[in-house]
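Questions regarding the structure given below will be posed in turn.
Going in written order, the chains are labelled A, B and C, and every chain counts its residues from 1.
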Amino acid sequence: MVKYIVKRILVLIPILLAVSFVVFAILSFIPSDAARIMLGANAPQEAVDALRESLGLNDPFLVRYGNYMLNAFQGDFGNSYRSGQPVFDEILVRFPVTLKLAVFSILTVTIVGILLGVISAVKQRTVIDAIVTVLSMLAAAVPGFWLALMMMLLFASYMGFLPTYGIESWKSYIMPVIALSMPGIAELTRMTRSAMLETIGQDYVRTARSKGLREGLVMFRHALKNALMPIITVIGSNFGSLLGGSVVIETVFSLPGLGNLIVTSIRSKDDPMVMAGTLFVALIFCLILLAVDVAYALIDPRLRTRYVHQRKPRWRSKEVAAR
Amino acid sequence: MTDEKNIAAKPAEWELEQDCIEEERFAFFRRLCENKTAVLGLILLTIIVGMALTASLWIPQEAVTTQDISVRFVAPCREFLFGTDGFGRDIFARVVYGARVSLFIAVSTIAISCLAGLVLGVGCGYLGGKFDAIVMRIVDVFMCLPPLLFSLSIVAALGNGMWKLILAVSITMTPYFTRVIRATVMSLTSMDYIEAARANGATHMHIILRHIIPNCLGPIIVEATINLSYMIMLAASLSFIGMGVVSPTPEWGAMLSEGREVMLDAPWVVLAPGLAIVITALSVNLLGDGIRDALDPRMKR
Amino acid sequence: MKKALAAILTLAMLFSLAACSSGNGSADEGEGATEPRNDLTVILSSEFTTLDPQKLSANASINFCSNIFDGLVALDEENNVVPMLATDWEISPDGLDYTFHLREGVKFHNGNDLTAEDVKLSVERFRDNEWMAFASFAVDSCDIVDDYTVTIHLKFPYGNFLSMLWYCYIIDSDHYNSLSEEDFARNPVGTGAYQFVEWAPAQYVTLKANPDYWNGAPHIENLRFNFVSDSNTAMMALNTGEADLSFGVTPLNYKQAVEGGKLATDSTTGNNFYYINFNCDRISKEVRQAISYAIDRETFNVVINEDTGYLSDIALTEGQEGYTTDLTTYPYDPDKAMELLEQAGATDLSLTFYYDESSANTKMAQTLQSQLGAVGIELILEPVESGTWWSTFGNGDYDLSRSGYPMEAANTDSCYYDMFHSTGSFNVSRINNPELDALLDEARRELDSEKRNEIYIQVNQIMAEEAYYIPLYFSASLLVYNPDLQGVHALTSQNYQYKDMHW
């Protein structure tokens, strides 16, 4: 197992290097004047030129990339053009917000999604099943940022019991978490439902039932346990898309998270910040994929060898549902 | 697309198999029509697309951008069905014309990335070897970034605008389609009839065009419809954070972005475009699910 | 069993991640029924990048810092120069040397005494940091005379020097020398009425009263500044009492607050002047004039400012050097615009409009597009990120753009030179007019205010005749606050002094 994990982590290194190259290339595509941004409108042109030279902005692309990576390997990801502070300081301040948002959302997705899925599978072809199905259909069609706007309109202004900004109380996370987890809930509910329906028909579930075990116990001990694989896939894939989705949601709720930081930095052309932020997200994203695969391998040792060679796309989990 | 279908429909050396496909196709439509939710989705989508396509016949194009500050922030009424925005523009006209923009973006990104994915996926799956290895490593790299973030940085590099947005989202989605199609192709190449065709001396081109691509169409159609609503939302999200289509082009996400500032005063400005996205995405999802189930009858409802 | 284990492991991992990252508790906003409050929560619409007082990039942070730092002098509300850390000063007859006598017994927040050493360091940093060049361009050097006397030497006699000197906040030299530049930027120590407590990036900054402030201790003990970029959110926070004061709400929200009647409001003319600028390298005088007639500024003011802005033909307000009404104006007249365009042979024009993306700019762009469309000019909108805008401006690759400039209350020179001189760093209209340059150069070195006034009137007349830019309006300075808060009213400069506020 350890060997497997180590191997997977080693595979990550070249991938992340390539990601850094892609992002660096994209960023150098954008026309802008970093030195001018750093010094402001009023700085004399000579000072701007001098700074540009000293930052190495006049060097060819590959030289700049090489220098960047050399420094990065020594733990120096550069200083923000805007604040002059080391970028990683800021990222480490911002990341917990995004992480909390993502973790709370994934927990909400997991709990609500599995619960609704199981209920609707157990109550198959009843009104409850129909309601859950319709709701999950709707939830999948609502863009998170619009839901966020609607909630703000409703809760924050008309009722005033949820804080409107800031992150100091857990209440501040309620609206963003709902907005962020809605598509995941929809997906997991449907996934759980169909996975459960498949296992409910299996022999051992019938056996368990005929042994006179309580219905709830049968469902959770036997049926759900065997439906776990696709469910974990959906959860893992959602964790990744939550990281991406938080970019928009954080902007809507003015949350000081990583996504918000990346958007502001793209706007103000703060390259070192965008670069480090994006790399950081990519790293976390890959680690989550890894964690999901490890969970897989723990569940089913046969998969271990297979998944080393051929990894399924997981950030768009609809593929799973389509299988 | 239709050309390829015709090629597939021509009776060739494997007539028996082609007959099966014909029958399968018929069964597909029968199953699709039996599925009430899918039919509902189809009807809704037909209405939306119909409205979008015929918009210029019943709403003058100028209504989309005509500004009139004497009618700013008018609540929905008989004259302005969905109200007006801060420039005094008719939101109803903008939402209807917005369907053109949003659907065009979604459909063209799907078309571009499917086509690119088809070329790469068939190449990878059929050729295998070094080509496959290299392309798949690149795909791995591109998939290391959440799609929204990836398209965001591409839009930032290219600049705002509808075509640039389409390009950015297409680039983001291509790796995904490449993977799906590659997997399908790989499972096909080991099929008996492909082996047989090869043994009969068919050329690679012939096998790919006659056998591989026609049989990939099913999964591609499923993926395309299922991802269509995701495209609509991705494009809207990008425009919403100001990195995509720019007002006055009536894109739904851009309209929401503009309306957000005034939503406490004039909630209708954010209601109409948002509902438009929800209804469109819903109908596409319903139809997509129906198509998927109809293509794969083993999948339980 | 293993499957259950895996599920538990996954969940446990997620939980522990969340646990590691969870920050700690919050401060309650205790609101006694009888006790007057001693705290104040202010909303700031944008975050600072630094609190190094000599590297401040935006007026908002310069104003914020005036509560932590003092300058040698300050401007009062009538824009007169008044003593602060300098009690008095002498100016040499040639106008080159300014000798300041420092207030004795003033202490920094860390307990250090204010001495000439600190002033010298501050003035030198003020001179050397590019961000401050707009205010410090005339400074040559600073000499210590004795512990409480310094002399600042200028490069040339500059009549407006004192009115720009308030931008030079005095820092503690010992504190500065003990920290790296990065740490210094995050730990401001000044002599001001409030001392710095904490800065949580992207969330808030807290300050507490300096009880030993030389100019009298402030009334309110604790200040908290929350960064809220969204105006709706800010309004909700004001409505629910989560925040007490905001001067960054949008005009629409301001109007809501006025109509709602629950919150106190105040407004006055702001100091930000907005205009549409041509790229004069590309667009001829005739076309510029024609376009000027096609612009209905009233509409701009309604769409962007909900009619709160102050329309102006000139980048000055009454009473400033150079203010005049005797100049060419371009009243809204689309027919005349079309006629002039035809005369200039410029039909079927297609122009690009570059702007950095923001809500107000997007509105401006669309209004402009619509108005120019009405006279047959196609306007292509090119919104860019603010970072990109600078390079576009630098290489001159645009036809039209928009600008906002924070005007100085008591100094026409620094703004005009910056905006209209061919070498000015904010010459976004790309003006290159030798006559104008000569006048601006002359005014810069003119010590007599009356004479400067006459020169600037000439400058304004040339500017208007040549139609180098389309003046739009001064935005309003809007203030929404808790009605219980006393000692507060809207300021043109938005340089709010929390020291004077009380409950």
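Brief remarks on what is shown
By definition in this document, a contact is a pair of C-beta atoms (placed from the backbone, for glycine too) under 8 Å apart; a residue touches a chain by one contact, two chains touch by 3 or more.
Since this is a predicted model, take the numbers as computed values, not measurements.
For the pairs B-C and A-B, the count of C-beta pairs in contact is higher at A-B. A centroid comparison over C-alpha atoms places C as the chain most distant from chain B.
The most central chain, judged by the distance from its Cα centroid to the centroid of all protein Cα atoms shown, is A. For the pair chain A and chain C, the distance between C-alpha centroids works out to 37 Å. With centres defined as mean CA coordinates, chain C is found 46 Å away from chain B. Between the CA-based centres of chain A and chain B the separation comes to 23 Å, rounded to the whole angstrom.
Residue positions 30, 152, 157, 266 of chain A each touch two or more of the other chains.
Among the residues of chain B, those touching two or more other chains are numbered 156, 260, 263-264.
Touching of two or more other chains is recorded for residues 232, 236, 357, 385, 388 of chain C. Against chain C, in their complex, chain A makes its touches with residues 30-34, 36-37, 39-44, 47, 79-80, 82-86, 90, 93-96, 99-100, 103-104, 106-107, 110, 152, 156-157, 160, 163-169, 225, 228, 232, 235, 253-254, 256, 260-261, 266-270, 291-292, 295-296, 298-299. By the touch criterion stated above, chain B contacts chain C in their complex at residues 65-67, 69, 72, 86-87, 156, 159-160, 242, 246-248, 258, 260-265.
Chain B contributes residues 37, 137-138, 140-149, 152-154, 156-158, 175-176, 179-180, 219, 222-223, 226-227, 229-230, 233, 236-237, 240-241, 243, 256, 260, 263-264, 267, 270, 274, 277-279, 281-282, 285-286, 292, 299-300 to its touches with chain A in the complex.
Across the complex, chain A is touched by residues 2-7, 9-11, 13-15, 17-18, 20-23, 25-27, 49-50, 55, 57, 130-131, 133-134, 181-182, 185-186, 200-204, 226-230, 232-234, 236-237, 239-240, 242, 357, 385-388, 390-392, 394, 418, 425-426 of chain C. Every residue of chain A that touches chain B in the complex is listed here, in rising order: 15-16, 18-19, 22-23, 26-27, 29-30, 137-138, 140-146, 149-150, 152-153, 157, 194, 197-198, 240-241, 243-245, 247-248, 251-252, 259, 262-263, 266, 274, 278, 281-282, 285-286, 311-313, 315-316, 318-319, 321-322.
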